[in-house]
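All chains are identified by letter, namely A, B and C, in their written order; residue positions are counted from 1 within each chain.
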Amino acid sequence: MTAPAAPIARTVTTPPSDSGRPPLRRRRKPSVHRALSRALIAIIVIVQVYPLAWLFLTSLRDEHDFATGDPFALPKSLTWENYARAFETGDLGRNILNSFIVTMGANILIVLLGMMAAYAIQVLGFRLSRLVRGLFLIGIIVPVQIALVPLFIDYSTVNLLDTYQSMIIPLAGFSLPMSVYLFSSFFEYIPRETYEAASLDGAGPYRIFGLITLPLSVNTVVTVVLVNSIFIWNDFIFANTFVLSEELKTIPLGLQNYIGAMGKVDWTATFAAVCITITPLLLVFLVLNKAMIQGLESGATKG
Amino acid sequence: MKKLFRTAAVAAVTALALAACGGGGASDPSNVSPTGEIKPREISWLLSRPADGAVINIMKKLADDYAKDHPGFVLNLITTPDRPSYIQKLETLAAANKLPELFDTDATPFAQQLAKQGKMVDAEKLLKSLGVYDSYRPGALDYQRFDDGSLHMIPFQFELEFIWYNKALLQKAGVSVPKSLDDVPAMCSALRNAGITPIAIDGQDQWPLERYVAYQPFRQAGPEFIQKLKKGEAKFSDPAGQKAVQWMAALGKAKCFQDGFSSQGYSDAQNQFTSGQAAMYNIGTWELPSLATDKLNPAVRDDIDFFTLPTTEGSVTAANEFVSPSGIGMAVNSRTYDPLVSDFLKFALEKYPSEYAATGALSPTTNVETVVPANATPLYKKALEKANDLGDKQAMPWDTQLDPTTNGRLQQELVLLVQGNITPEQFISTMDSTVVQNAPKFFK
Amino acid sequence: MLPNRSRLSVLVFLLPPLLLYGVAVLFPIMQSLFLSFFSWNGISDMEFVGLANYVRMLTGDDIFWRSFLNALGYLAICLVLQLGGALFVASLLTSLRRGAELIKTLYLLPAVISTVAIAFLFVRIYSIEPVGLLNQLLHWIGFGGLEKAWLSDVNTVLAAVSAPEGWRFTGLYMLIIYAALLAVPKELEEAARLDGASRWQLFTKIRFPYIRPVWITTTIMATTYGLRGFDIPYLMTNGGPGQSSELLTTYMYKTAFTSTDFGYASTISVFIVIECLVAVGLILLMLKRKADA
């Protein structure tokens, strides 16, 4: 609050169109403010990112240094040995592959079925479409945990326990509603005339879906896939409940494996393993983050 | 909509009925020598042991040897070392009627129900028919027995639990090894006053703290106390229970365990002891490789020793009777038991003890001599020798005895009691009513 | 509606998604409801017990009520961190000319990491022996007296397990709110500024009403995600010490898969479903009414 009186007097004479380049006196107050917000942002970003940086640094320390030294000082020496140990004791490659299979499988279902349902509801339309929409809303609201006991029983009767499907089905099922909503809000923006023109040319609902809706939806597909991948890639609860054998364990379960005999933990190797397992998704995220951020922003603001 | 709901409900009923009826078809669990041809196939063992530990490595090797003469045989080992996760897996698989040929379990109430339903082969008959029964340590087999004396699990280990201590730290605080359990709280206070953490404990896994609550009743009332307590026939409000609860509260008051112990893990606790910060550490012989060899931090190597569970005045159990578990046992699924499983077990159980003893561990049998590793400290041999001089009774870990709900509640309430968040009276009334509510379901 | 559509084509497009959704979501909800009237431990015969499970849950189970209150506390902390934090950071970001893209990316990073990793990480951060990040930080800034084992203290553990969940997703909500804030027409803001509106007034009178629809969506998202919180408390403390960080979801899970009390666990599931529906109903009622007023 340096010069409170002056700006008001000034603004009267300043035409609105000039707001992009405010006069000198007005500039001072916002710049203090701006410096403050920059500092705040910096602090918040540090809080947000520091734990991850620490995770990475710890993965490079040797075991003795970690156990006895100050855990927050910079490592005395860097070693990749933890990574070697992590790969040796764990089955990380397989875990990553499994996570990849489950994520891909679920995403295919989510995108394809979500698009189909949205097409039926939004484009084709039918009498009970409001009801179906409401039915899908339930899936957004209820927590996934309620499906654990029933699905476990069902899987054991139809022999699906300990399979990729046992993870993919509920993961896809619970993500489907969000996908349906994202697709139908996108379909709203495809002009009616496009469809009508195609209809006049004699195209049926299947051809319109294949020739118009599908190609136009690429951006929404990217959004849906990326957002869901975060949750599916890291799913712990379904995998933990339905998967039994080593060969099917996904990344979260693979990490759990590091809790060795009777809870004994090799911490530095665990940190290394954590770093290894977050890398694939992190890379995808960093490469595609623009697309994803855009999709998230537009998806949510429309919804 | 309505139709969908109705179909769903009908399907639910069928699914559940199917699941519930799936339990049938168990073959006679007392028929231990099935006749017929040995047809090699893949069999699975669901187990809860360290992934690269001795048991798994040896059994893998033995399975490979067996497969040489029996092409097509594969032993598929599925391990979940984290015990709570394992128990969950086992219970859910049993509910789904999907137990594999071999599976690990302690002598829990849940396992007893499985045995009652005839899902586990009678291990006593099995071991006798294989001609190996007499070579097992009686204590190792007793640890696996249910309360009715029946045996359904086969042990693969034999361990002794000691209280390890750091002589230099005790000396610094001017205290000596406790003669009685009742001396421990005062000892902790003295250590605290000297700025030393008295006991390092892995609070995260909960079973280590649960050991402590078992000690006083074992000394005061013997091994029968927990057998009665779990059925609701004995109570925490009985003298032996009272004493246990008051003692736990006293341990908490004297700040016996490290600060924030309830969120510290297995290796945290061991690190505190082996780095010379904590004076005592209660652990079994499975940690001999890290506590009694040259792997141990040289700074404390000469100061480490151990004592066995102290007695108390008027103790009904002797000094050479304490926790001596034979580890989680292996049960044989009676539904899938056939000449192949029988033949493989005969092959493996005969060869296992000598292979196991060669790794420096105590075999559950008495027919082999444990090989002391070359890098061992004198403590290693001293620890092994304790196995030759054991009494008839053993203290059972309570987590293998109580029903799962009571056990979970006990673990939670114990932390609160030791942290001073609840009074002994609150603890007693909560636990006694928990037992009353949950025990009948498991022990009817 | 598309002119050339047939009843068959609607079914072709609608049935496959409904089938998956029914199998994975709707059918299990019905099954839970069904199971909640039974007593069943998975290996013995099922026994119909009528409303006994509900009576036990509502009148005779102290852990249930404790976990319910904990779940509300957990939700409150998550909402403050996620929505409050997101709104605050998003507002700050709008004043930034350059670097917003980078900050958005950095801010979103924790969302990519698995809860197992996050739980490992935060157990270390809260630790006191060896001293963890939080206690170290308190020591440095002169609040050494506040150092404690955050996960062992019954008074702090709930906040301590909620914070990572808040931390994890605040970036996601920030993005959404930031996009909404950018969409606020500049002319409106400029006009208000010319009228001498303070920053606070600008926010409450112009910006917030404009983003209210998005705010409702994000509130519902954050609430339903908060109510389904499970992994982090389960992995960090398993509900302890005592029941101090037990949530309805973790309690339900343990009842089912540790105590093998599938009937009673289903009863708790039914309660959770109702709880979520009520919560979303309340949010819509409160925020919509405000908008109309």
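Following the convention adopted for this analysis, contacts are C-beta pairs under 8 Å (C-beta built on N, C-alpha and C of every residue); 3 or more make two chains touch, one makes a residue touch a chain.
Since this is a predicted model, take the numbers as computed values, not measurements.
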Consider the two chain pairs B-C and A-B; indicate the one with the greater count of contacting C-beta pairs. B-C
When you average C-alpha coordinates per chain, which one falls nearest the overall C-alpha average? Tell me, please. C
Taking the mean of the C-alpha atoms as each chain's centre, how many Å separate subunit A from subunit C? 15
Please work out the Cα centroid separation of subunit A and subunit B, and write it as a whole number of Å. 41
Between subunit B and subunit C, tell me the centre distance in angstrom, where each centre is the average of that chain's C-alpha atoms. 37
For subunit C, residue numbers touching 2 or more other chains are 26-27, 31, 35, 130, 257, 262
Residues of subunit B that touch two or more other chains: which are they? 12, 15-16, 92, 95-96, 265
At least two other chains touched by the same residue of subunit A: list those residues. 67, 150, 153-154, 241, 256, 267
Within the complex, subunit A is touched by subunit B residues 1, 12, 15-16, 18-19, 22, 46, 49-53, 78-79, 81-83, 85, 89, 92-93, 95-98, 202, 204-205, 265-267, 270-271, 275, 286
Which positions of subunit C touch subunit B when the two form their complex? 22, 26-27, 30-31, 34-35, 40-46, 63, 123, 126-130, 148-152, 154, 236-243, 254-255, 257-262
Would you tell me which residues of subunit C are touching subunit A in their complex? 1-6, 9-10, 12-14, 16-18, 20-21, 23-29, 31-32, 35, 85, 89, 92-93, 95-96, 101, 103-117, 120-122, 124-125, 130-133, 136, 167, 170-172, 175-176, 178-180, 183, 190-191, 194, 196, 214, 217-218, 220, 224, 227-228, 230-231, 235, 249, 252-253, 256-257, 262, 265-266, 269-270, 272-273, 276-277, 280
Which positions of subunit B touch subunit C when the two form their complex? 4-5, 8-9, 11-13, 15-16, 20, 23, 84, 87-88, 91-92, 94-96, 110, 113-114, 117, 203, 206, 258-265, 268, 272, 403-405, 408-409, 411-413, 415-416, 419, 421-422, 438, 441
Interfacial residue positions of subunit A with respect to subunit C in the complex: 8, 11, 16, 19, 30, 33-34, 37-38, 40-41, 44-45, 48-49, 51-52, 54-55, 67, 70-72, 109, 113-114, 116-117, 119-121, 123-126, 132, 135-136, 138-151, 153-154, 169-170, 172-174, 176-177, 180, 195-196, 199, 203-206, 208-209, 230, 233-234, 236-237, 241, 251-252, 255-256, 267, 270-271, 274, 277-278, 281-282, 285-286, 289-290, 293, 296-298, 300-301, 303
